[in-house]
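Chain naming follows the written order as A, B and C, and within any one chain the residues start at number 1.
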Amino acid sequence: MVKITFDGIEVEVEEGTTILNAARKIGGEVVPPAMCYYTPLKGSGGKCRACLVKVAAGSAKDPRPMPKLVASCITPVQDGMVVENTTNPDVLATRKGVVEMLLINHPLDCPICDQAGECDLQNFSYEHGTSGTRYEEERRTFEKIDIGPLIQLHMTRCILCYRCVYTADQITEKRVHGVLGRGDAAEIGTYIENVIDNDFSGNVIDVCPVGALTDKTFRFKNRVWFTKPMDAHRDCPKCSGKVVLWMRGNDVMRVTARKDKYNEVQEFICNECRFDHKDPNDWTIEGARKIDRGSVISANHYELPVLNVPVVPNLPGSTEDDLKDTPFNLGRSV
Amino acid sequence: MGRKLLTEHINVEGIQTFDVYRKHGGYASVEKALKTMTPEEVVEEVKASGLRGRGGAGFPTGMKWSFLAKPEGKPRYLVCNADESEPGTFKDRYLMEKLPHLLIEGMITSSFALGARTSYIYIRGELLYVLRILEKAIAEAYANGFLGENILGSGYSLDLHVHPGGGAYICGEETALLESLEGKRGNPRNKPPFPAVWGLYGCPTVVNNVESIATVPWIVTNGAAEYAKIGVGRSTGTKLISAGGNINKPGVYEIELGVPVEEFIYSDEYCGGIWKGRDMKAVIAGGSSVPILPKELILKTAAGEDRLMTYESLSDGGFATGTMLGSGGFFVMDDQTCIVRHTWTLARFYHHESCGQCSPCREGTGWMEKVLHRIEYGHGQMHDIDLLVSVAKQIEGNTICPLGDAAAWPVAAAIRHFRDEFEWHVKHPERATAPGAVYNKADSVLA
Amino acid sequence: MDQTVENKKVEFSEGAMAEIRRYISHYPEGRQKSAILPILHIAQAEFGGWVSPEVMDKVAEILDIQPIEVYEVATFYTMFNLKPVGKHVLEVCRTGPCMLRGSDQLIEHLENRLGCKVGETSADGNFTLKTVECLASCGTGPMLQVREKFYENLDAASANQMLEDLKASTVRKPWEENY
């Protein structure tokens, strides 16, 4: 076990743990956001730069600070490491910059996007970005491609996290889609017209942090905040059969895998469970699911969000001043 | 005349062939190393020479070699980075085309030092004609017993192959190069682990620039002490400089590190002065990614000392008033050069070459290019100039690989030293976009 | 009914296959994917200067990998033409150092001479005009590349001569005699 200090909080974790996962062990508002890293997917992370943090001391043995901000999702902890996230103004400013970069070419078509209400980019920009934009150029667009009857691809919304590519590589056979092109012209695609179709292809929808890959069988049918998520299961020969049913009244609007509070799938589900069982009688319903994330979904259904709770003990006064004008005021009264 | 360690025989008729190269002392380092030295002794020799990586970063080559992990049961690789693509730099191409056997000799001696049994030269795909020259020379080396099984009866065996890229500047970044060599997209890897531990096919790997490897034979043959006598301070030895732009004598020059910049630009031994009898406006001294410096600052440091062609002297003053030796891509701009247009072409280059993997570089390089394009074509606004500085800052230091920095620095430096020229473009769009129009200082009085 | 499928079937010549096998032998067992870039170069030379989806599928088959792995690579590297091109592709360097030596003027001259814009193919099908980024030929700019050959220090007269020579030339493949 190694001990690190994260935003002034000491935490003990196993050797080899990443900084991000050490922070997740602490939990709450100090956890850096992650737009591309995804625990179940090997090789993911390092790309979006949302989780950059300052390593103020590398380790007990070598307490020098690291010269650049590091991606917390891929950097392993060292014993005695001191990390600054919400307590470091540079980190917060840089993060604001990352939000800006991710948004300049994003269509901001949230009002007609099925992901709205459960979108990581929405949450990320709400928590860490600024209102308004300095971008005056034309936004990037792509030729629309059809990847089959079950999954809708909206390339303009994609932030190139590569999660769907890793998913196809790691949990399905014969990947047919990938990242094509280069730079800001890079896109998710199949190159030749091809259908992403195999027993587990639907999982790319669940891992997508934005509305680039959505469920065609749910398309424009409802807003997620009008639906009630219910844990349910069925005997499935292909997967665990443990899902979330998104209900409106007695109708199953859509089926997804169960995700944890960091929006990561706990167990991938098969396409049959996802797309072919929209009859509530096919399922054993366990009860309402608590959606833990900072989302509008649970706000109306379960409990009110807890406000004004100090989350960072012993925050230096100077840092507190710096944070006053950010939308992210750490829940302190100022 | 400075000493020529690499290029002494470059103009000898037939030096591309094994026989002529051998007659002029070629492959002596292979004989010496394999017959009289241990691999560790070769590493120590290179370490002691003070040779610094000639690809741009200037990291000590011997040090890099000593980091190579040596786990049991895993092969080790040496990969030569011949993906020379940094605008302004063309020395490696020249060296490989004219002296293919020098690189091959360096690869054999260096592979022996590192314990590699298979080595690769990764050459940029645009240089397929150089690949054919190298392959011919490699075949000659095999035929003469310098490659293959049991080289010179030493018991050491080595296979050497040339691998072409496909058109991607990013593959000059060593982990992108390794991905590309594995047959993938050239996306740089997250580090750590570094290639010394996890490189080609997950095996310990050293990646070195062409010129670095081509310098090894001289060091091994003549000794590190002899090499370290050349140069100034921590800038030992000679360096190939690619001289281009608006000068009378563009070309590749091998200089002893320490030549004054002024002498390099104006003497007939090197660049031969500015073309068309014009004055000099600015210089990019180490490849397009290093900061541009105006005439005053490239000739003298801020403290008024003569600027020398060394790692230390060129970087004197940091980025505020200095630059970097980088890859030695030295290009000169005359007083008729439009800095805005030139900066735009560089921004366009980096936008074109960004792999697209991480967000600040993917989005930011395109943003900078678009804003610069607007300013150049008369649609800029004053606040765009600060916007560029801000976007550059948002990219710098926040990306997976150094391409982000390389894209940010030229823009930031051009504005740092030539802000008046950008402002003139914004204030006088009709004149800035007139054919052949170039800003000169007198305009600022009218502004 | 198999006529269309039959037409699309891609086969490399024996000369090209020998080159392909030689490259594959350069990499350790099971690492044959490493040969993808050399093979795409061979494919482009073999099949008229561009790589079609069918050609890429054939490359995937040879390397025993998924077609998408070839598409991902071919679209990343800029040397591979993904659409049909003219007999000769002129790739003019336009980056800063070449711009300083007149690449803007060279591009304009070629556009006028060929009667087509950058990215287009001349009406006679002989030339596709492209711009590229730095070709490591900064000391001899303005310059351009046609297949494996560099044409350097170009001015209007030498560019015109080059076009005439190319028009009259026969395109040979690297593994053919008299290449």
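A few remarks follow.
Operating definition for what follows: contacts are C-beta pairs under 8 Å (C-beta built on N, C-alpha and C of every residue); 3 or more make two chains touch, one makes a residue touch a chain.
This structure is a prediction, so every number in the text was calculated from the model and none was measured.
Across the two candidate interfaces, B-C and A-C, the one carrying more C-beta contacts is B-C. Located most centrally within the structure is B, per distance between chain CA means and the overall CA mean. The distance from the centre of chain A to the centre of chain C, with each centre set as the mean of the Cα atoms, comes to 41 Å. A separation of 25 Å divides the Cα centre of chain B from that of chain C.
Among all residues of chain B, those that touch two or more other chains are 168, 185, 352-353, 355.
Of all residues in chain A, those touching 2 or more other chains are 179, 181-182, listed in ascending order.
Touching two or more other chains at once are residues 69, 72, 76, 78 of chain C.
Chain A contributes residues 45-49, 52, 68-69, 71, 74, 94, 97-98, 100-102, 104-105, 134-135, 137, 159-160, 179, 181-186 to its touches with chain B in the complex. For chain A in complex with chain C, the touching residues are 174-182, 190-192. Residues of chain B touching chain C in their complex: 75, 84-90, 92-93, 118, 120, 124-129, 132, 161, 163-169, 180-186, 201, 242-246, 250-252, 284, 288, 329, 331, 333, 337, 341-342, 345-346, 348-349, 352-353, 355. Residues of chain C that touch chain B in their complex: 26, 28, 31, 33-38, 40-41, 63, 69, 72-74, 76-80, 94-97, 99-101, 132-141, 145, 147-150, 174. Remark: chain B residues 168, 185, 190, 351-360, 362-367, 370-371, 387, 390, 394, 397-400 touch chain A in the complex.
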